[in-house]
Every structure is written in structure tokens, then in C-alpha cells.
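Here you go, one structure.
Chain naming follows the written order as A, B, C, D, E and F, and within any one chain the residues start at number 1.
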Amino acid sequence: MTLIKQLAPQDEFVGYYILRELAVKQTNGTPPKDYFDIVLGDSSGQLTAKYWDVSATDKETFFPMSLVKIRGIAHTYREKLQVKITKIRPVNEADGIALTDFIRSAPIRPVDLVHTIKNAMNSIADPDIAGIVSFCVGKVEEKLMHYPAAKTHHHAYFAGLAYHMVRMLEIGDFLCKQRPFLNPDLLKAGIILHDIAKPEEMISQLGIVSDYSVQGKLIGHISMASNWITEAAIRTGLDLESEKVMALQHLVLSHHNLGEWGSPVQPQTAEAVALHHIDALDAKLQMVEDALDTTPETEEWTPFIRGLENKAVYRLKI
Amino acid sequence: MTLIKQLAPQDEFVGYYILRELAVKQTNGTPPKDYFDIVLGDSSGQLTAKYWDVSATDKETFFPMSLVKIRGIAHTYREKLQVKITKIRPVNEADGIALTDFIRSAPIRPVDLVHTIKNAMNSIADPDIAGIVSFCVGKVEEKLMHYPAAKTHHHAYFAGLAYHMVRMLEIGDFLCKQRPFLNPDLLKAGIILHDIAKPEEMISQLGIVSDYSVQGKLIGHISMASNWITEAAIRTGLDLESEKVMALQHLVLSHHNLGEWGSPVQPQTAEAVALHHIDALDAKLQMVEDALDTTPETEEWTPFIRGLENKAVYRLKI
Amino acid sequence: MTLIKQLAPQDEFVGYYILRELAVKQTNGTPPKDYFDIVLGDSSGQLTAKYWDVSATDKETFFPMSLVKIRGIAHTYREKLQVKITKIRPVNEADGIALTDFIRSAPIRPVDLVHTIKNAMNSIADPDIAGIVSFCVGKVEEKLMHYPAAKTHHHAYFAGLAYHMVRMLEIGDFLCKQRPFLNPDLLKAGIILHDIAKPEEMISQLGIVSDYSVQGKLIGHISMASNWITEAAIRTGLDLESEKVMALQHLVLSHHNLGEWGSPVQPQTAEAVALHHIDALDAKLQMVEDALDTTPETEEWTPFIRGLENKAVYRLKI
Amino acid sequence: MTLIKQLAPQDEFVGYYILRELAVKQTNGTPPKDYFDIVLGDSSGQLTAKYWDVSATDKETFFPMSLVKIRGIAHTYREKLQVKITKIRPVNEADGIALTDFIRSAPIRPVDLVHTIKNAMNSIADPDIAGIVSFCVGKVEEKLMHYPAAKTHHHAYFAGLAYHMVRMLEIGDFLCKQRPFLNPDLLKAGIILHDIAKPEEMISQLGIVSDYSVQGKLIGHISMASNWITEAAIRTGLDLESEKVMALQHLVLSHHNLGEWGSPVQPQTAEAVALHHIDALDAKLQMVEDALDTTPETEEWTPFIRGLENKAVYRLKI
Amino acid sequence: MTLIKQLAPQDEFVGYYILRELAVKQTNGTPPKDYFDIVLGDSSGQLTAKYWDVSATDKETFFPMSLVKIRGIAHTYREKLQVKITKIRPVNEADGIALTDFIRSAPIRPVDLVHTIKNAMNSIADPDIAGIVSFCVGKVEEKLMHYPAAKTHHHAYFAGLAYHMVRMLEIGDFLCKQRPFLNPDLLKAGIILHDIAKPEEMISQLGIVSDYSVQGKLIGHISMASNWITEAAIRTGLDLESEKVMALQHLVLSHHNLGEWGSPVQPQTAEAVALHHIDALDAKLQMVEDALDTTPETEEWTPFIRGLENKAVYRLKI
Amino acid sequence: MTLIKQLAPQDEFVGYYILRELAVKQTNGTPPKDYFDIVLGDSSGQLTAKYWDVSATDKETFFPMSLVKIRGIAHTYREKLQVKITKIRPVNEADGIALTDFIRSAPIRPVDLVHTIKNAMNSIADPDIAGIVSFCVGKVEEKLMHYPAAKTHHHAYFAGLAYHMVRMLEIGDFLCKQRPFLNPDLLKAGIILHDIAKPEEMISQLGIVSDYSVQGKLIGHISMASNWITEAAIRTGLDLESEKVMALQHLVLSHHNLGEWGSPVQPQTAEAVALHHIDALDAKLQMVEDALDTTPETEEWTPFIRGLENKAVYRLKI
């Protein structure tokens, strides 16, 4: 089977793909005819495709985010590669194909990522802090198994959010050893809580964010997490004015560092300063790694990366 | 009795004043002698003063924010007017002097301001919204009787916060009549809640803010109010995900309009857009009115006003 | 008759519309054929349309901004709704159709808006100020009957400029009562004059701005109005250096508040501060109201609104 | 006679100086005594000085901006050089001293500068343009003989404004020859008019700006000049809408290039682009030349120069 | 022969042109057919063209940047003029056509420009400075004969870089005469060196930049030139810490003036301040001149010019 | 002996201190008398001190940065603690006092820091890269034993630069293990080279920067290091255009990330992105640690820290 990122103009091919997007459209002729405007996907990338002469049955058979077997031909249209589909059918059980094979995903199994996060949570020595973290994780535990960390910015794939947390926890562990003045309980809690409300801020399926939720737009994940900590403190019987509640809310509220990046307050505790920079370090390096991974080895330069001052990254030959 | 803003160089005078600031210092001589470095205040302004040759008794008699009767002489020192105190004693009951006569204050009695705010609160038709507002007002009701709206920016005097709310409620009423698409319940609630956590963000006595609280610096009044709404919803049994809770939190979170001004989200409902602009309009016009009021009539220009792009205001002769 | 905002794919329909734009183009075939590339409009919105096989007569019959009766079919082209016109003829008198029924317009009759503005002008007590206002209004009186307040930003429809003035005058009246330190003559004059040169800055027909004038680009409406005040003072025999002329020019020059928004000076009189904030309040709230009005009731969110930090507005269900 | 910039600690000296500033102050003793707080000036710089034990006669004898003969001693106070005056008397005719010898001044005689400007004005071929320029120059002709170009930014000395114009005219002449597509009439007019209202924007004596005028703050020199062009056009019978009037107003209005630098429109004609860059080139190079000239030759670095991104300039030894 | 900027819809024409871009594409039909997507160029401008029904031979005959003779017809497609090519053949010797006649070019012959630059270089009195300049010019001497000064910003045509240098040298000469405190050796050297590494920063053919080099992106022309000066100093035996080497590197490093424009240090010598402003003046005026030259005389406005705050320039009728 | 940070008003004390600053000044009396204006220092902090009635011998005995034994009394002057010195003598050998005990210093011995850096350098596998690093380190090896990393920003103490490098190398090691796509040779080289020219950019003694060098101001440490790499490549016979030279120069040039922070190019290789974020993480955390360390334990808040958005850091009690 041909991976999408290996297709070249004039290739004829057969394979299994996911219909990442599918819309019924009409040609400009008289009378206009229906056709499918499709975005095909697999684990290696995605590509626009057309399926002409759509029948009434077709329109009831094919849906976005479902798997199909297709026969097609690649060609160039307006300087971009495109696929003309000549045959298409839904995947059936006999094909033995799993949906998750066709999407980009963190390089570690979600179940292992969540296991690592829970281990970190359980290693928090202070029971009040552990209780708040546990309450908040409980709200999104199921979604942690598949949510991305962002729509496009970084870790934008299946279980990307949990992967981001796990790598940050590793860096946090190292820094607490290197600099004993940092409080490991607070830093772990901050890492786990900082993006904990993202699964409620975004609407996502299979690692692909389709939109932000109304809550996400009107409140934002930073204030949502702050509110969750208030709720957690009430539910676990903690004083809302206590230094612990305040320290955790401060970690979450300040982790974007500047007002123009969404933080209503700036980092003013040691752990809050650490959290912001661990977050930036992990996110930026993952952007670079992912961009290099998904750019053909023959290309010297990745595409422009918005989160890196919109610069491309050069693949050194050293 | 001579008002501070009427003193001129060489004036000898007797009168009652408040000791807004008082510090014991030492002269640079050998041996060094103690003296009082004082900021005298009355309702018209404030002025630096020195009281030399301080005795041990004096140091146990005089304290900041207490009233005194003094005899003094005004003179110019380093281009500024200053007072040399020649006689000083604490005010006693026989003097019949009240502390609040000596501080800058809103032009309406605090009790009337709070009454107006409560009337507005009681006029909110939706019981869920009214319940949240009532819970939050309950947290700071006593402080509303005297807190300023800011440290220096605007309404920085006794009961300034309540005065700011009342004037905004008047503008809000007018706008709801002019533009019926605005929801009066939400706008009233937004006006009352938008700065409701300021009394916990700042530490203030007699309308003078001495500092921000730790909560104020690490969480900020905007996020504190958002957390209070969460708490109010739990206490009053409201669904935390309900549109009403979200709408109120959005009003509070977005009222500074931009991230760089402290709002983690931007106004995205009709009432949130209205709230931001009513807040700005009232604050800026009050800055102008207060600056003109406290500048001698003989001066064409007020001092520079930070909140007005650091411009002075010209007193037109039309 | 079907309103444009009610059309759905596959609808066949007949109705009266305005040709907001019309261009003769050629197909890519051999030989190329002429066709009309059209933007149809009515009071509810606008839509792209094509009329194929254009005859020589057609090209002399149909012109932009004229009314037509058409038969057409709606379909989807490149993800957008489009109309294919099958029959078209000019409107004739027997149809009994008026051009102004087909354009977006202020909700109050232009004649009433201008009447209100003139009443405000006549209520200015100071004859010198009234004289300058009257001279400037005289320059654009006819255009006030139909000019929009901006190309797209806000009040971008028939008589939008006059509507903006009238609503601002209402707010100004309220504020002068609430805050007697404001001078009503100056505030009224400022409101009427602040955008008075817009009809010469923009080229507009039927409430639709097609471009900025050369004067508009090289001088700008703010400086044009300032020059007009100079002209008015000369014509009415006022001293050019008088405080009144200066106050009016300052109101106009400063009303955009900041240099980067086009104001060469910042507001430095009480009325100039008020004017800027009244302008902002009215413009922003009108953007919200208009966006909600022109978005189908079934949509939760309006389109992005450039003047509101490019945010969409959410239609609360409270 | 000792020049101010040659004074060193412990120098005793006698000489003629100007009293750039003089204030009567009082010592902090009991009883306080009067003294003069003085800024001495000569053509080489300025220095703080004190004159103790001021008599009643002294207070009626000495005034700011008058010439005196003094005996004094230089010493260091708070890390700065200061003068203690031991003897002081007003200059009398017998001394044969001229005020203008004691102030910083353009290196060319004012009468010659104004002559050059008038020659340029008279060389404008287009009579309409020449008429407008002549009218505006007429408004400030006398002040051109001594006004500086700015308070501190550049050319901040006697006849600095005229000197700035003359040097710009030289650059303009060169550029018109190098690039014949530039219109010399417009460029000359733009150079003469661009800062023509500065003498009314600032209050200045002997090349020293003490403040901005009310007009200067509320209207600004850019809009004042634009209004003057309107006035000139009316007085000389030119059509206010003519391309010539518009071109001249555009030159003036756009010469600060950006809104945040005070220009309500940006340069959009060839000559306006040229004018802005000639203005910047001349102002910046003059700042450098003046800073190097007034910094002792033994210093490698000039003081920080605000107009050069607040950088100091290094005196190369090449 | 018809110049590109004179073509109008429906024109049939024959002429010689350069194939500025040529791509083989496929139609969307079944089976897809090959066609050429072409950008035709001549000295007056450029235009999109299509050549349908491309044969196998055609694909081996026609290449980008080669000259062809074509027969074609102009028509409007999606509101833009386009050419349909009906006949095409390569130019042969008999046609007597030179490639350089078909590209935009500086108005002075490259050989003369380079001659002028070398004269300036040879007029540098200081042999150390002259040696460094000579070494650096030697690195790109051949490319100076044809490289543009930028991709699109300014002087973006054949020999544009050398033309930019020559015009700046003229301005520099004038300024050194007007202001003798400037060091002519340093200013000449700065002008010649400031963009000397551009030919290695960009990849260009016939005055058209196709991309930036890897060096160009990772090091940038400013730091490349600084490194070249280090190399030159080593090769010519100069002390790397000498004031001359430092002065030249400072000129190059600071000539973009601000960090956000690419300069790691800001101008801090007289000549560095001059260099930046001469560069800006020449670049901006050339943008204006070129925009006016390449806009049809009948157009009042040029297209928007990115380097001029994205403003268009108005062609005054004075 | 009393540490400076333990002194309180009225304390009389005897001890050894360093004269961080010493200036001879004169009193304002008649005749003026000489006195020493001193900044005393020890490892815990610094304090202003005065020594009155300075003799001619004193002026030849005491110098900045020398050790003294003093007797003094602490008192408050203008709200700040100050010392009045009553007795002072130079330290002699018998006192057994070492200069380095009196300055702030990295917590690891310089010799060990430099040893670690050299180990890292020697572990670079690629001999070309190792050669360049070795050449550059060789230029400043001696100064690495004591130079700070910055004037005030971070690591502003004895051997602070080497300490910064060592901690960054530790983080780099960890990241290369966590993310094998990073090249350890390049990252080590980048860490060692990124600030390698700082000892030539700044003038420093005993960990205290007194000024920037002329090279430092005109070229800056970033471009200086880039030039050194060019020099190193020439001296070690490497091709100046090789990918290795380019990669190292890119690391150095881009490590401040943005133009406004001094980098002429932005990070565009994986290691350059990592370098910038490791640098930021180490610098910011060290600022926090140092601020907490040097703030009395009884203080909740550190002073404002410029490099942390000018925020203070709160000492959590968790």
C-alpha cells in the first residue's frame, strides 16, 4: 500500500485511507453534477482528492472520518498534487484495518502516557496538592487518551496533550534535581494542570481539532483550569484562600508568561517561572522534531513553522 | 483653618490635619538626632512636613493615619512647598474632629452608593444571576463602604469603587433603553461584578491603597472574581457549565479588552463589549473631572494624567 | 419574492434585485464567449451570480446599481452559494419597485436623522460655535442624506453617517446631564463635526463606498475637517487664534485618540476625552448589533468583526 | 575669561555669563535665608551655581536671561561640577558685551539664513505655490531670525530652525538634480513649510524653548501649518480643492511619516517621500555633529542622544 | 512588436518574449492533457500565458529563462489579462535577439556602474581601508555586473545592486562636501560594503531573485559581510582589533538601524548614522521612481509599495 | 565580624570590607572639605558609607577594589541605611584576608567550572567543530576564570559566565538524551560559543562589570563571536563556506532569538532552537534563585527583577 507522502504525479495506486474531510459539491456545468471533494489521510500525511459522478447511494455511504479502500491516480492541479479517485468502497471487517493506524499519533501508546502522568500525580507528597490535581485530571481522564495539545501549533495529533505532559514531567524531574530550590510537588502539579482544560476548550476527534468550544472561546483553557481548582478545593474541603490553592492557580494563570499571550498575571514564583520555560522548550523542540519528521528527507527545509517566528528549519548535513 | 491647597511660602498657620505618613529619621549630624518625616493631609491635598527634635514621648504619641493639631510655617525646599512644624499635639474629643473629614472621598455618601448598588442588584430579574451577584457582593459588602477603585489610576479615594459602580449603572441603564438588544440583567451584573474582587486585590485604609495583596499579585482581581463566580454557582446550586455562569465569567474576564491590559479573553458578547466601553468612559471622564477639581482654578493645565496617554488636560475658557 | 439570505442550494426562484456589481467577462473556450459576472443584492445581503451567453443588446441594457427582475437557480460552487441566472430583464415602472428598498439602510429615515442633527446644531447656545458647525454641515448636507460612516468598519450603509451622529448626540445629551462639568455646546459641535468630512473622503453611492477620494487619501477626513473649520472661521469673521476655533479643531483632530489611529494630537480637553469614548462606544455597539442582525438566527456566532479585535460575537441564549 | 566647558574643580575665576535660570530659594535653617539657585550659561555650555546671602536689592537686580559679571569658585557637589558665586553684578554698557555671544547659535548668521530661504522661495516657478509659501513665511518671518527647530531634539539653538531649512534646501537641490522626476517647486515649498508653524507651537527666547504654547499642544505644528495653507489659499484666491493646495498640505501633514510620530497621513507623493527622508537625514546628522562639537575632545563618547535610539556616538580616531 | 504593458483584451499579436517561468501541468479532464503554464516577460512587464496541447517534443524544447517567438491572443480570465499562445518557437540566431533586452535593468550599463564603484574604491586614501574594500569587492565582482539589490523590495532588477551603490556614492560625495566632519574614506567604504554580501545571500539570474541561499538564511548578508571583513583583515595582514576594522564592521552591522530590521547594533559613529540614512533615502526614492515608471501614465495611483508603509503613490498633475 | 546584610540602624561595628567604589568629594561648606564617598562590599551585599575629614595621606592610601578594616556606625539617611566610618585602615598581610572572600561568586570554584567546560569541549567528536571551539575558548580562557555573564541581568558575579555555561551543558546533555534528533556536538559547541565573546564585550574586575568596551558597543558579543569563528576556521584550515562553520555561526548569531533582542537571524536549525531555550531557561531560573538567596528570609518578596518582566518573586511558604 502506498503512503500518501510517497505519491508522485502519474502514480496509479490502490490503498486504504481515512476520509479526513468529505463534502458533496456540484460542477459548474448544465445541469450541474454532484462530486465529492475529499481530503484523504493516512499516518504519513494528507492530500486533496476528487471523486466525480457521485450517485445517490454514494452520498449515503461515505462520511467524514471513516475508512475507505480506493483506487486512484495522482496528478498535478494548480501546482499541487491531487488525487482523482476512480474506485471507492467502505472498509469492512474482513479488511482488518483499525482507524488509529490512519492518523498521526504520539510515538508512545496513550495508555502508557496516562499511566506515567498518574504515576507523577501519585508521587506528589503533599496530599492537598495531590487531591486538587487528581480532581482536575478526573474531569478529562478519558479525553487525555486521545486529545492533541493544540489545533495546529504543536503536538497537534492523537494523544499529543498527554505526550506533551509526559515530556515536560521528564524535564521537570531533571531540573528539580539540578536546582533543589524548586519544589517538585508544585512543579509536577503545574505541569499536569497547566493545559488540563484544553480537552474542554477544543472539540476534537482522533487527534484532529475541528473547532473551539463556546466555553473555550468565552473563558479559555487558562481561566477554566483556574475555576476547576476552585471547584476542586471546595470539593476536597480546602480553604480557598490557602497558599496551596493560590500557588496552583498562579501556576496555571501565569504559564503563558505575558498578557498578550493570554496570561492575566506574569510568573512570580520560582516554579511558575520554571513551568513557563519548560512548556516553551518542550513545545518548540517538538515543533522542530515533528516538522523534520514529516518533511521528505530529500528536502533541505521544512515548511514555515508558525510557532517559530514563522521560520522554516534547515536540515543540517552534519 | 487653612486648607493645604491654599498654603503659600512663608505662611504661618494653625490647623487640624491627618498624618498620612509618619517616619522617624535621623539627621546626618554627630550625634544624629531624631526627627519626624511627615506627610500632612486634609480633604484638599497633601504636603511634606518636618518636625525636628523629636522626644521619646513624641515617638509613642504620634502614628500614621491619626489626626493632629499643628502650628507650622510653609517654606520652599528644593523647589517644592514644605512645612516646618513648630508645635504638634494629638486631636482629642473636645476638638470635635472626624477622621473622614480629612480624606478625599466620593461626592455621594457611601451608604447611599451601596444602597443604589443593592437596588440595582435586586432589580435583576433572573434569580440565578441575581444569586451569583448577591453572593459575590456579600464577600466585600463592608469594604464597598470605603474602598477606592484603584491605587492611583482613577477613583482613588474613599468609596471610589462604589461610586464607579453607581455611575456605570446609570450609563448602563441609559444604554439598555437606547439599544434594546442589550440584556439589562447581564449588563447590571457585569457592572457590579467586574471590579468586585478589587477590595481583596488591594490593601487599603481610608480610601488610600498602601499595597497589593499577595492574592492580588499572584491571581489578580479579574481571575479572583471569576473564581468567586465558580464558588457562588456551587454554593447556590447552579450548573457550572450553564450559559449563565459562562456569560458572567466572560463579562468579568474580558472587561479589560486586551491581553496586554490583563484580560485573558476578549469581549465576545454584546454585553461584554458594552461593559468594557462603559468602564473606559466612566473611568476616563472621572480622571478628567477629578484632575480639574484638584487643580487650582488659576492653572490652565492639570498635571499629567497617566490614564490619558500621560497627557495633561487644558481648562478651556469657553 | 425570495430574500437573498434565505436562498439554499437548488432553489429555483424569481425576484427583484439590485445589480451591485456587473462585469462583462469572457469564457476560457475557443472562441471565448461573453458572460456577466454579477453581484446581486437586496436589503438582506448579497450573492455572486453568473449570466451566460450575453448578447450585444444585453451589454447595452444592464448596468451596475440598477434594478432587475431575474429567474435563477442557486447552487454551490467552490464551497460557496452562487446563482445561475436563466432570465433577466430591467425593472420598469409598472413593477413599482424603488431602489432604496434594495440596499441596507439606517433604521431611521434619512430626513428624520438630518432633522435631528439640525435641531442639535440649532440648540448650540454659542453663536460662534453654531456658525462654524452650520458652515461645515452646509458643505455636505445633501450627502448626509445617504452617506455611510465608513467603508466596512461600522455603520457601512445608507445614511449610516447621520445615524451614527444622532445616536452619539443622544449619548452626549445623557452624559452632559450626568456630568455637568462637560460643555454641551462643545460636545454637540464635536459630535457633529468629528466625521463631517467623511463624505468628501470617500466615494459612495447608495450607502456603498467604492473607494477613497484623492483628497481622502492625501489629506484624510480629520485634517480636512480641521481645514474646513479654518475656512468657516474666516468666512464667519472669527479670529483664527480664538479659543473657540482651537477647541473645535482640537475635538476633531484628537477624536481617534492615538497617533497610530490617525490623530495627530491626543485628547486634552474634557469634551475631547468624552468625544473619543462616545464615538468608540457607539461604533462598537453598532458593529455588534448589526452583526447579530445580519447573521441568521440559527447561527450561534457572527462572522469575525474586524473592529472588535477581529473576534466573532456569541449570541447568548439567556 | 574662562569658558564654562573648561572649568575644573577648585578653579577660581572671573567672567561674563548669562543667567539662563534664576530662582530665589530659602535655606533649611532657622530662620531660613534667601539664596539664588542659578544656571549660568555661555556659548560653550551651562552649569548650576549658587549665590548665598541674597539681599533685598539683589532680588530686584538680577533676572533670568540677563548678563552678569561674576567671580566664583568651581567645586564638586553630588558628583557634579557646581559654582559657588562670591561676587556678582549686572553687565553695563561699558563692558561691551552682547547677549547673543552667550548662547548657542547656528554657525551661519540668521540674516544670511533667512536670505537664503527667501531666495529659495523666490525661485519657485509656480506663482500659486510661491504665493502660499510667501504667505506662511510672512506669519513667522521675524521669529525665523532666532527660533530653534525643537526644544531639545535637534537644532535646539538660536536660529536653529532657519539653519535646518537651509541645509535641507541644499540637499533638496542636489536630489532634484540627481533625480529629475522630482518637482523642485514642490520640494522647496515642502522644505520651507514643513516646520513653518514651529515658532507658534513653541515659546522660545534666545534659542531656548521654555514650553509649548496652548495651540502647540492642542493643534500641533503639523495641523497648524495645514490650516495656514488653507488660510493662504483663501487669502490668495486659490481654489481650496486644487491639486496644488492638496499637494502642499500633503507634504506638511505626512512629513513625520508615521501616525505614531504625529503624521495623520503617510507620504504618498514622490516629493513627500523625499521630504521625510531629507528631514530625517539632516536632523540626525546635525544631532551627531552637535553632540561631537559640544563633547570635550578628550571624551571618546558623546552623551546619549535621544533621537538616535538613545545611543551615544563614538569619536573614531581614524 | 507589442510590448506586454500595451496589450489589451482581444489583441492578437506576434512577438519575442522571455519565458520567465514555465511549468508543465495537466488539465483536469479524462485523460488529463499536458499544457504549459507560462509567465511571459519583456522589458516592460510580465503576463501569465497558457499553451495547450503540449507535445513530447515541446517538453524538451522550451525552458524557463529562454527566448521565444510567439503568436497569441490576449483575453480576460478571472479579472486579469492573460495570453493564450497559439504558436511558439525558440528564438534562433537569425532573429538577432539578445536576452538582456527582455529584462528590467538599471538605466546605466553594468560595466559603467562597476567602473564607477571601482573609481570610488580607488579614491579611498587610506590603504588599509581600501585593501579591505578591494578584497570584499573581489569576492563578488562578476555578480555585481547583474545582481539586483533585493528580491522585490527595491532595485529588484538587472544590475540593481551596482546602481544602488553608485547613486548612494553620489549622495555620499555631496554630504561629505556639505558636512566636512564626515570621513569620506569611511563613508565610501561603508556604501560599497553595506550590501556587498547580497550576491551570496540571494540566488539570482538575469536580475530576478529565485530564492535566498542557505548561507543567506542562516547567516544573512549583514553578518556575512562582517565575516568577510575579518577574512580580509587576516589576508591583508591587518590587526583584527584595530579601529579601522572595527569601524568598517560597525558600518555594515548597523546599517539597518534597528534590531527588528536586522542590525545587531545601532549606528554609533557619524558615518554609520549617515550610511543608514543615505541607504534609506536612495532605496525609498528609487521605489517611488520605479513604481511611477512601471505604472501606465493613465493611472493616477501606482500599486501599493510594501517598502513605503504599503502605500500607493499618487501621480500629481502639477 | 558583621555581614553587611545584617547591619541595622544604630549598629556600631568593626570589620573587614572591600571598597567597591571610592570617590573623593567636597562638602558644600566654606571652605569645602574633602570626604570619601564609598560603597562598602562583602560577600553578602553592599552599602553606601561616608568618611569625613579626609587627609592628604588618606587620599594616597585608599583605592577602589582594595580591602580595608573599618570601625563604623550604621544610620538611616533619606530612608536608606548608610554607614558613617569613624576609623579606617588598609588590610595588611597579618590580617590574613583574601580579596575573593569579599565578592559574590558562583557556588562552584572557577577552576572546576573551566575544567568541566574543557571536558565538554574535548568530548566533541567532530575534530573540525572541536578545533573551532578550542580556538575561541583559547582567546578568553584566563578571563573565563572570573568573568560574570552580564552586567546586571543574570549571573552577574565572579565566574558567573563559566557557571552559566556549565549549567547549560548539563541541561543540553539531558535534552540530547531525551531527544536523540539533536546533535550533541553542535549543541555543546553552541553552548560554549554563544557568549564566548562576552569577556571582550565587557570590562570587568572581580566579577563586577564597570562598562562595555568600545568593541562591545560597536560590534557586540554576538557578531564578535561570529568573526572569531571565521578567524578560527582560517587558522585551522577549514573551508569558510562549509556547513560546519555556517552551523556554528548560525548558533551564535541566532541565540537571542529575535532581532529586537540582538540576533540578526532567527533560529533555523534544531540545535539553534534548543540553544535559545536552554539559555533562557538557565538565565531566568538563576535570576530567581539568586534573588531569593540575596533577599532576607523574612521578606516575602524579592526586589523587582528586570529580566522577569520586572516582576518580584514571591517566596511561597509551602
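Everything that follows uses one rule, which is that contacts are C-beta pairs under 8 Å (C-beta built on N, C-alpha and C of every residue); 3 or more make two chains touch, one makes a residue touch a chain.
In UniProt terms, the chains line up like this: A, B, C, D, E, F = HD domain-containing protein.
Since we're looking at a predicted model, the values are computed, not measured.
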item	value
Shared interface partners, meaning chains that touch chain C and chain F	A, B, D, E
Farthest-lying chain, centroid of Cα atoms versus that of chain F	C
Chain pair repeating A-C, as identified from D-E, A-E or A-B when over half of the contact pairs by residue number coincide	A-E
Distance between the centres, which are taken as Cα means, of chain E and chain B, whole angstrom	61
Chain C and chain E, separation of their C-alpha mean positions in angstrom	43
Sequence positions of chain C contacting 2 or more other chains	214, 217-218, 247, 258, 268-269, 312, 314
Listing of all chain pairs that touch each other, if any do	A-B, A-C, A-E, A-F, B-C, B-D, B-F, C-D, C-E, D-E, D-F, E-F
Residue ranges of chain B touching chain C (in the complex, touch as defined)	126, 167, 170-171, 174-175, 178-179, 181-183, 185-186, 243-244, 247, 257-258, 266-271, 273-274, 277-278, 280-281, 284-285, 288-289, 292, 308-309, 311-314, 316-318
Residues of chain E that touch chain C when the two form their complex	9, 75-77, 79, 84, 300, 312, 314
Residue ranges of chain A touching chain B (in the complex, touch as defined)	214-215, 217-220, 222-223, 226-227, 230-231, 234, 240-241, 246-247, 249-250, 253-254, 258-265, 268-269
Residues of chain A that touch chain C when the two form their complex	23, 25-26, 28, 30, 32, 37, 214, 217-218
